[in-house]
Amino acid sequence: MKSLELKNIVKRYKTHTVLDNLSLTVAEGERLVLFGSSGAGKTVLLRMIAGVIEPDEGAILIGGQDMRDVEAEDRGIGMAFQNFALFPHMSAYDNIASPLTVGKSSTSSIADGVGKVARLLKIDHVLSHHPKALSNGQKQRTALARALAGSPPLLLLDDPLRNVDAKLRFEMRLELPRLLAAQGATVVYVTQDYKEAMALGDRIAVMANGTIRQIGTPEVIYNAPADIEIARLFGDPTINLLDVTPKSGPDGIYVELSDVQIPLPGMPVSVVGKPCVLGLRPEAVTFTTVPGSIPVTVEAETPLNEKTVTLVLTARKREILVSRPAGTPGPASGAATIAVDGSAAFLFDKTTGARIESMAEYRTNGEAA
Amino acid sequence: MASVTTPQKTASGFKISRRWLPYVLSLPALLVCIGILVPFFTAVVYSFQRYRLSQPWARQFNWGENYLNFLYDPAFWNTLKISLIYAGVTVVLELALGLGIALLLQKRTRINNFVSIMLLMPLMTAPALAALMWKLMTNPGFGILSYLASLVGLQNFRWASSPDTALLTVVLVDIWVYTPFIMILLLAGLRSLPTQPFEAAALDGVPRSFVFFRITLPMLTPYILTATLFRLLDSIQQFDIIYAMTQGGPGNTLTVFQVEAYLNFFQSTNVGRSAALMIILWAITYILSNIFIKNWLRLRERARGEA
Amino acid sequence: MESTSLLERILRGVALVLVVVFFMFPILWIVLMSFQTNETILSVPPSVIFSPTLENYQALITGKLTTAAGTLDIAFMRNLGNSVFLSTASVLIALLLGVPAAYAFARHKFRGSEDIAFTLLSFRFAPPLLVLLPLSLYFQKLGLSDTYFGLIWVYQLICLPLILWIVRGYFEDISADVEYAYRIAGHSWFATFRKIALPLAGPGIAAAGLLAFIFAWNNFVFALVLASADKQPVTVGALAFVTASGIQYGQIAAAIVLSIAPVLALAIYAQRYLVEGLSLGAVKG
Amino acid sequence: MHEKEKDLISAFMRGQVDRRGLLKGLSALGVGLGAGGTLLNMMSTTALAADFDWKKHSGKKLKLLLNKHPYADAMIANLDSFKQLTGIEIAYDVFPEDVYFDKVTAALSSGSTEYDAFMTGAYMTWTYGPAGWIADLNEWIKDPTKTSPQYAWDDFLPGVKASCAWNGQPGGALGSDDAKQWCIPWGYEQNSMTYNPALLEKVGAEVPKNLDQLIETAGKASKDLGGPYGIGVRGSRSWATIHAGFLSAYSNYGQKDLTLSDDGKLAAAMNTAESKAFHGKWVQMIQDGGPKDWSTYTWYQVASDMGAGNSVMMYDADIAGYFMNGGDNKMAGKLAYAPFAANPEAKAPTPNIWIWSLAMSNFSKDKDATWYFIQWASGAEHAIFGATKMDFVNPVRQSVWKDEIFREKLNKGYPGYVNAHDTSAPGARIYFTPQPLFFDVTTEWAATLQRMVNKEVPVDEGLDMLAESINRQFKEAGLG
């Protein structure tokens, strides 16, 4: 395994800046997920690391060594592509063997290498097939196997589950961590799926517009998103975002929803009177019968597998999603009341979109800095 | 675990910097073509000279005079007119016929595949030789076509030797040689179209004329455009067929650009005029191909974007 | 599309027969003619009943032509050999030069690559006579006149742009990721070009080569202007039967048949590439 | 070889015995005719070698550019004797006539050193000469150290010889005193009448004596015979259409193509009233009695039709008629020949002629050796060989025409041929005005003729337009 370091990477296509002064460090053996919507620059970045695209500025270091003028084939990388990029004119076996045929490996050692990784990925029975005879899942596994076969110290996985069906994706999401752990390689994993990111990443780097917006463990990204955008990207159903103006009361800072005060413990006084956005995860909203709760009308109920999501409207016609574990009781229609856990709510600056840190966080971060 | 490759080690000795690679790869082809650019510029110089091989003493730069002379030279305007007519007529007819045949052969049956291979034969015939064949067939004495024409009452059908039918005859030969080219392009186009829209339309009971004009034709456009480009540019430069059939005659009926320029050079040895004619022809083809290729690249980009 | 009425099937059948007759009849007639003597050919009205003779082919193959003016030597087989050699060599060299260049244009969008590619293509559409005449002067000075080398060079004018343009389209249609994948697996660009790009563009390259071969084979003026009699192709050679002592129609017909045969054989052999590949390639290009 | 035979042949060489006497004598000595010919050839070679250093250029190599033509075939058949005589190696390129002159132009205009000598027509030298591509052969002809005393330059038919000489001045008279000998005549064609007696008899007509009769006979034949047409003449869009029967008849009316003013300016002369009348007749002749696709007709079609019995008469090269009377042509042995004077008031025919000649490339690397070849190829010995053993008609040397064997061969198989030739010979020459725009003028003339025949333009108007266009071109070229 090797460490990876990106320093001030810039890439422009004509006038459009794809990567804007991006820096990133991945420790040896770490699994880093690059997360972001399409067009964020993830794939370009990955290809840059692989050595098939050159940065305009900045440096890429693998294992501490500058990769400038090091061709793709010499970087010691394994890569799986979103579209699989299998060699259509070669059998699955030859596809997987391709990293092993470099240099003077013996036929038997190649066969061993292919066999091992094929068994690991459970495709040893289709090795003689050409890609067009493989199912999508088999293709995907073949592509992974090819990336793994050379036991590269650095593994780049470009959204490998993107083009497979939901069931397979679910399976692989469970299986991949084990596989990758067995490889012991440093991994950079690109995805657009937050669940994948959460499931696979030691750390997640959230990318948008060619920069890294936030980097941290899955918990940090979920529980302390840096801005509205990130909060919206993580979580299903998506976070409720409500325009509010915090006020100051005797018990501290609060906001009002349908004239019900929701206290926001630990918020700095500076937010008072500032236009803000309140971020409420649907799990942080519960149906309640406690008096003084917020009256709403139930608009629609969507039962998902493990939870039930209800869309409700406040008196001012603001939409709020409420999530509760499946099987727990709740209103299906008509009037209801909801309660909000203020301590689980986020407050974002409406103009900048940045999350306003609580006093406690501010203190820890300040100390850390 | 397999060895970790180091930056110094390469899989093969071939190593050219990525920056230079494209130039290295395309340079030999470029050099070969640039060798051909030199005579091109020489021809441009000739076109600005009064230059007859038979009067070497009178050779001098007359600048635009060769071109200016064209303005009031009826022979030139005739050449321009007949070249455009020839190109227009052949391309339109070949396109219509080629599309028709391609539609007939669209289904992948054994017979259709066999026929499409057979139809390629005229394309394999050198145009100069094809012209010779048709000359034999239209000979008024023993020519089979003349005989057949006489059977249907055209006793004195004179094919390439009458100004009324000369154009028709060479166009016929051109169609015979080149329709298969268009046919094969469009056939491949038709066969590569996705089937879903057609199935959907058939299920919905959409009228077939509607399907043809609203689905087939638009999807076939890139193919039609390519075929048109290749044929138009070749056709406006037609030489072999016309020269072999009539040498530009009868009268001045078929003195298209290349024939006129050829005769100007080889018979009149009027190099200046010949070169000027060619430059004008080149300019026409350059402009036409530019328009076509730009449009077609755009179309292709769009097709890729959708895919 | 499935529900074709009987009437429609009949109409289609009739149309197909007409098409086949129009395109095949001349070939058939010339083949028939090639088995006739001049005398039967010239008989009026034309007749399909005749006793076939092989003397036209015999004359071509042995190189002895018997005419009113005695026996003449004809070099038709040599012309045929020249055509084979010139076309094959030109296409091979055009492939050797054109395929890497096409790859460069397809894979590496370098500065000015579009313009260069277009300029190369425009050579395909330049009037051949335009460059041919000054070229004969330069060839004379360079000592390239009347050499196969010089001819093959000029034939690049026909072959190279065609190959470049068509093959480029094929390369562009290969997913770049597939090639990246191979390089990242540890292979040099050259190995990638050889093992991935070339095999995948194979049908297109074959089609382009075939098309270039046909155009080279059909060429008429280049060799005529630039080379002596012993290097002339069949297209010029077939004219040799128009002699002062009469036109040898039977031999012309046989010569035409013999000159179409090799290209046709090639086309039939490679029909898979021709029908699908050639046309797709031309469009993709 | 026996002494007697040697003596006999030497006597022939010295001119004491004529050819017939020689062969008679030889056969009396038991030498067969064929062997006699070979022997004669051998001996002539020896004899030629006697007075002149033919071996001077031995070991050199020359290359020729030849048109596919019986003359070339005859020469190639006799090449061995040239090699024996001089020790010079000869290589040659033969091109089909369709492309032959284009090939010559291509080779010469590029300054190609490949070819030392080539076949040409006199008209072409009007371009090649001024362009500096060919050498003035007077330099060699008049140099006794380079030309064998036996060459007999005076033996050439004067009209033919003069037609190959021009001083290079636009409009300058052919064969003038300051003329340069651009090429040496080799074989030539008179344009006269070849006819099919059987078909003519069918129509019930005599051989026409002038243009009016020709128009009538041809028209009648086309109408009556229902198949074969009356008169074959060329009609393609080319100088050749003007040069053959057309110009011969035109000249017979005393008409000229161009006029040269005193200050050296050229002007078109084909729109005179007489010319218009003549054009009218010619056009009518083709419309009434010509081939249906006349406008594609070159010499090949005209000749082929004659040979196949598809035409009754042809007014074209006499040698085309000669060839159609032999070989595997349907009409072989059935054709006849007559002189033809288009103008009823003319005293004799005035055939315009085509002369296949040999010219020397100015880019030749060894002109002296090249002259040896030209000298041999246009020499009397080769002419006799070609005329008697091969189809080398028409010879350009008077001595060959006097040769009994040759005359007998012609008289036997080609009725009227010799008579037609001899009757026409005094008036036979090139009737064109030599000038650099020869091909422009004649091609446009042919195109105009085509338009008149196709009734696209009336004769008067067409000729006026033609003259106007030609005059403009002369002005553009600085000649008018």
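Letters A, B, C and D name the chains as they come in the text, with residue numbers starting at 1 for each one.
Definition applied: a contact is a pair of C-beta atoms (placed from the backbone, for glycine too) under 8 Å apart; a residue touches a chain by one contact, two chains touch by 3 or more.
Source: prediction; values computed, not measured.
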More contacts between chains, B-D or B-C: B-C
Chain located farthest away, centre of subunit C as origin (C-alpha): A
Subunit B and subunit C, separation of their C-alpha mean positions in angstrom: 14
Mean-CA-position distance for subunit D and subunit A (Å): 94
Averaged-CA centre spacing for the pair subunit B and subunit A, given as whole angstrom: 55
Subunit B-subunit D separation of Cα centroids, rounded to whole Å: 41
Of all residues in subunit C, the ones touching two or more other chains: 42, 44, 133, 137, 186-189, 239
Of all residues in subunit B, the ones touching two or more other chains: 5, 10-11, 15, 18, 141, 265
Residues of subunit D touching at least two other chains: 102, 106, 109, 308, 310
Of all residues in subunit B, those that touch subunit D in their complex: 50, 52-58, 69, 75, 135, 138-141, 156, 158-164, 245-252, 263, 265-270
Of all residues in subunit A, those that touch subunit C in their complex: 47, 50-52, 71-75, 77-79, 81, 83, 85-89, 98-99, 102, 146, 150
Residue ranges of subunit C in contact with subunit D within the complex: 37-39, 42, 44, 66-70, 72, 133, 136-137, 139-140, 145-146, 224-226, 228-230, 232, 236, 239-247
Touch list for subunit D against partner subunit C, complex: 68-70, 73, 77, 93-99, 102-103, 106, 109-114, 227, 299-301, 303-304, 307-308, 310, 320, 323-324, 326-330, 332, 390-391
Subunit C-facing residues of subunit B, complex: 5, 10-12, 14-16, 18, 21-23, 25-26, 28-30, 32-33, 35-36, 38-40, 42-43, 46, 100-101, 104-105, 113, 115-130, 132-134, 136-137, 141-144, 147, 176, 179-180, 184-189, 191-192, 198, 202, 222-223, 226-227, 230, 233-234, 237, 239-240, 257-258, 261-262, 265, 271, 274-275, 278-279, 281-282, 285-286, 289-290, 293
